[in-house]
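In what follows, structures are represented as structure tokens.
There are two complexes below, and they share subunit A, which is joined by subunit B in the first and by subunit C in the second.
After this line comes the complex of A and B, so read on.
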């Protein structure tokens, strides 16, 4: 029956495809020649931006998925229970500092935090880890220091990121049911996962399993990373930075523009300090700071990856709370300094 | 069914999901807590904007807390919001009026660059009036004033013995000198910034090369500025604006036993950290770099071709003057002329000459020594910062070791001897920023080697011994 239906619809599809093809050919023939030159230039920009973000992000995704695989195989659920406090504030704070142990940026932290949820990491700790780890890790601290020196900008970046991550973590601690926050697939896999971790494998077998998990997760999360990068590259191609920069003056608008740029540029937190350094002098201190704080927490690719772990509404909160806190801190510094 | 679960099963299922933290804060749902926080943050953002807009634009000035500034201190105004240079410059005033100009740095920063040094002993009042600072009507709502004075200049110098070589600084009031670099660092040579904030010095490294180091005016915080590896980076010269270092670089040979390459002039930009050879042409050698007072021109000596190369970094033009002494040049205050020495092989024998190069016409002429009855061996020159006189060290008497300091007017060549004590030799004169005091190296001849630093000011019958040491530089 299905075959008959398909063959019945085929001529109609063919007619539709032919019509679209003809329409395209007519449109192209009527398009001014300059358009193709422009489009070619844009495509060059697109591929450069895409490859730039991709090459920058993929190693960190690999690192994150590798950490995830190792956590799955070597970390015992009971150990997790012992290390992380059950009290909301303490859990959120300890979650934020976990970045010092797992040096991952925003691309790698998502698969890792998903795995840690498998292992029973409290929501508040997981959320604060998710938001803080891209800044509170040694690589990012050193790169920020290299760009801005061991001064105000570095300490404020670290301090504000910590504060925002902890506050957001505490907010999530009020949720009694993890299923309300995490996607159903994740909750189910937790059940399944628990049964698997009872096995008593040799070290080599554990490593093999860890690598298998790494590969699976890398390709799974990699899809969303690539989709996010495609989106970021498209937006960057058709909304040039210069447009944003020209309207980005003033204490309020400059912060909003820099927050928008943080989302749009989707730069890895390990190198974003050097990009931010280029904005000093053009943009206010508060806006550059908010870029450095908010960018590692939320950007296009990370939001797409968050959506694979969390339900939509929690993702909205994960985006909105850091956004509002970064905006507030940027405004306060703009209005208080000098 | 639920009730049929064992206690063990129940406790396991409790562990399975990432349980939210045991006792929740208050009795809120996530939606309530999150939207409540977002609402509070929205109110705070609105309040911040409201109060911030009422406060107006704020201005900060980079004056030190003690109110003491360098003679050529650049005063930077930082605005809390983008400003319009035309609007903002109307609101700035200084009492007493001081010669300088306002410069746009970036969207938030403007600076006052003094053309003449701030006077010693004068209290300056800087005022920023209230008023609009940009085109959309944003304004500074309250006038602000700042007061500052010029700090006393120091003299930096080197003290060396068989085991150590350090940089010290001393004031002119007789206070004890202060060591700026510690004993572990053996200084070879140095230059002090005209802005007076730091010193660049050279130190030999373990690979046989020579590195550039930096230490602040306060001392004790020396750090490696440029690791030259096996190369030798020597004769540093700081641009008067304090932003670039010119130095001479000799590349190491392919192996340690092979000799170093010929010296070439390089510039290290202290802001961008860019470090490049000045001349792409590797045939142009150079040492003893010397910056013009405007920081845009750089002279250096090529000992292979016996020429002084002058490069205008802003105009990208180059001038060449022949000289075979290799002595450093001195610049006129407006950076348009240079004085340097040259040796002429005349029929009567060798004659050292002082030449004046006019960079506007790219020509040089002999200023002193064209008709000398004998060779006076002119050495170091120092043009006063206000152009009215030049100090020259030369061999005047019969004793071949003695060098005398002569202060003269370059337009009339009339002058006076300012240092010619018996058995003393004087060299390396340097003017202070105001052109009112001169420091120089002096040696007592035919005695133990004991280098001294002398000081001369108008009205002195003879130089004053400031301290013992080498290579004196003003640290304003």
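After this line comes the complex of A and C, so read on.
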């Protein structure tokens, strides 16, 4: 009774804080020591995986945003629209091959495609560029050849990526109003900064502006990249890969598992061929192929970056259409080349 | 947040990430995160980040100078719509720096086995490189080389009795008997996200004196052991010496 009345005079916050403090001390002292070792181990996996993807991705993101900055200052508005055909099939095909001119991987292609949309690139061309460029570019073709040789795997990877990108691009050409698909450009900071391009700028001045745009986009896209990496690292910290690998190796499951792994691992398309090489032998040809085709189009970090450019529903289609097509082609090749 | 304040933080963060990468490159820790063949790309990143930071800082100076020049006339023009991009961009960019600085750096070790897997004898890298391994002296071969050889050669008896000398970290597992442990390495193709562990069994009388995850140099002769019904390489150790963490803790296939 006595204590009950006296506690009324104490500020509530103080009582609450003391209670939480005692609870914390008790729970820490009662936690088995193994918990902290476990926690330390998980933290180590998390930080190493996070920094691994981050360190690997930064140069590629820089290259992509640099390309975007250069496009902004050196290409006139609507110039893209004049170069690329308005007819959906032609636009989608030429979009898919633009990766040969802009060699970017899946981190770099997102800021670049957003800038190109801004410059009047048709929707179908942009979508097929977005999906195909991470595979149809010289760097990735060479690295795939280095891993698998100039053979079946390389040609099928390139061919299927091209096909999926073009089909998805054509599907998107049904939508005539780009505003229904694209998010309004939020912070194309050039509107407010000293970076407006004027045609009479000197070359040095143009480069300076391109670099400022690069810096801005590096932050804007980097934000989604980092959130994606955080998610990927967290999943890798807590979900055992062996769960995926031991589920099964049937013709259907193996493809699904490799597609899941492509999303989970979130590795750059310029190097994923070497990783895929490690699965040959454990996994069927079709499933490794589907990993190589789908991985560059969709993974955790790229989806988060897509959300910065497109509205939600289009992002769903950008993920779902390649997923279904990769799944089907994986299954097909599992039966054709068991 | 005003545009200039945003720019200041932006410049600082660019510089911060640049310095962080320089630090990792100088103390040799980049290979704790990425395959060494991508280091040139990181060097490019470092130079480019410095260039961007420089550009941003110059821009701040320039805008300050311009503002002074404009002081006195046309006030309401220009700066009333001074929206900076979302400041969340800055906070998120801080995350990698915080993770890099606050969490003590350590290469992947056995604590990663539970999620990243651990492999003593299943097929790994499709190796047409067997010939290359044959060409290396048996004592120069790594844990990965031995595992590849045992996977891709039909006749493993040819290796038994060969001298071996490998470096790796200690991992105890219940599939092994007393006086036995694994000497393990992570194999990284691209970055630590795709790393997975491989391991070779070691038989040594004083195995119990070793500590989990400590790095050792194991010297001995090759024997084979059955692990989940497949033959795997095992070293019958003559000596096991503690060694510091090697400069490149991972193996790059």
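Remarks
The definition used in the following text is that the second predicted complex is superposed on the first by the 290 of 338 C-alpha atoms of A that agree within 3 Å, B and C clash if a C-alpha of one lies under 4 Å from a C-alpha of the other, contacts with A are read in each partner's own complex, and residues count from 1 in each chain.
The working rule: contacts are C-beta pairs under 8 Å (C-beta built on N, C-alpha and C of every residue); 3 or more make two chains touch, one makes a residue touch a chain.
Because the structure is predicted, anything quoted here is derived from the model rather than measured.
After superposition onto subunit A, partners subunit B and subunit C are found to clash with each other.
Once the two complexes are overlaid on the shared chain, A:167 sits against subunit B while remaining clear of subunit C. Legend: residue contacts after superposition of the two complexes on their common chain; A:88 is shown touching subunit B, with no touch to subunit C.
By the document's definition of touching, of the two partners only subunit C reaches A:277; subunit B does not. Of the two partner chains, subunit B is the only one that A:320 touches; subunit C does not reach it.
When the two structures are aligned on the shared chain, A:236 is found in touch with subunit C, with no touch to subunit B. With both structures placed on the common chain, the touch criterion links A:122 to subunit B but leaves subunit C unconnected.
Between subunit B and subunit C, the overlap after aligning on chain A sits in one stretch of 222-230, 276-284, 330-338 or 402-410, namely 276-284. For the contact definition in use here, the residues of subunit A common to its subunit B contact set and its subunit C contact set are 187, 194, 281-282.
Residues 3, 10, 13-14, 17, 21, 24, 30, 32-35, 38, 41-42, 44-45, 48-49, 51-52, 55-56, 58-59, 62-63, 66, 81-86, 88-90, 92-93, 95-96, 99-100, 103, 105-109, 111-112, 114-117, 122-126, 187, 189-196, 253 of subunit C are the ones touching subunit A in the complex.
Chain contact summary for the complex, subunit A toward subunit B: residues 77, 81, 86-88, 91, 116-118, 120-126, 167, 170-182, 187, 190-191, 194, 249-252, 281-284, 313-314, 317, 320-321, 324-325, 327-328, 331-332, 334-335, 337-338.
Within the complex formed with subunit C, the subunit A residues making contact are 37-38, 40-56, 58-60, 62, 66, 186-187, 189, 192-194, 208, 211-212, 214-216, 218-220, 222-223, 226-227, 230, 232-233, 236-242, 245, 265-268, 271-272, 274-275, 277-278, 280-282.
Residues 12, 15-26, 28-34, 37-38, 41-42, 44-45, 48-49, 51-52, 55, 58-60, 78-82, 105-109, 138 of subunit B are the ones touching subunit A in the complex.
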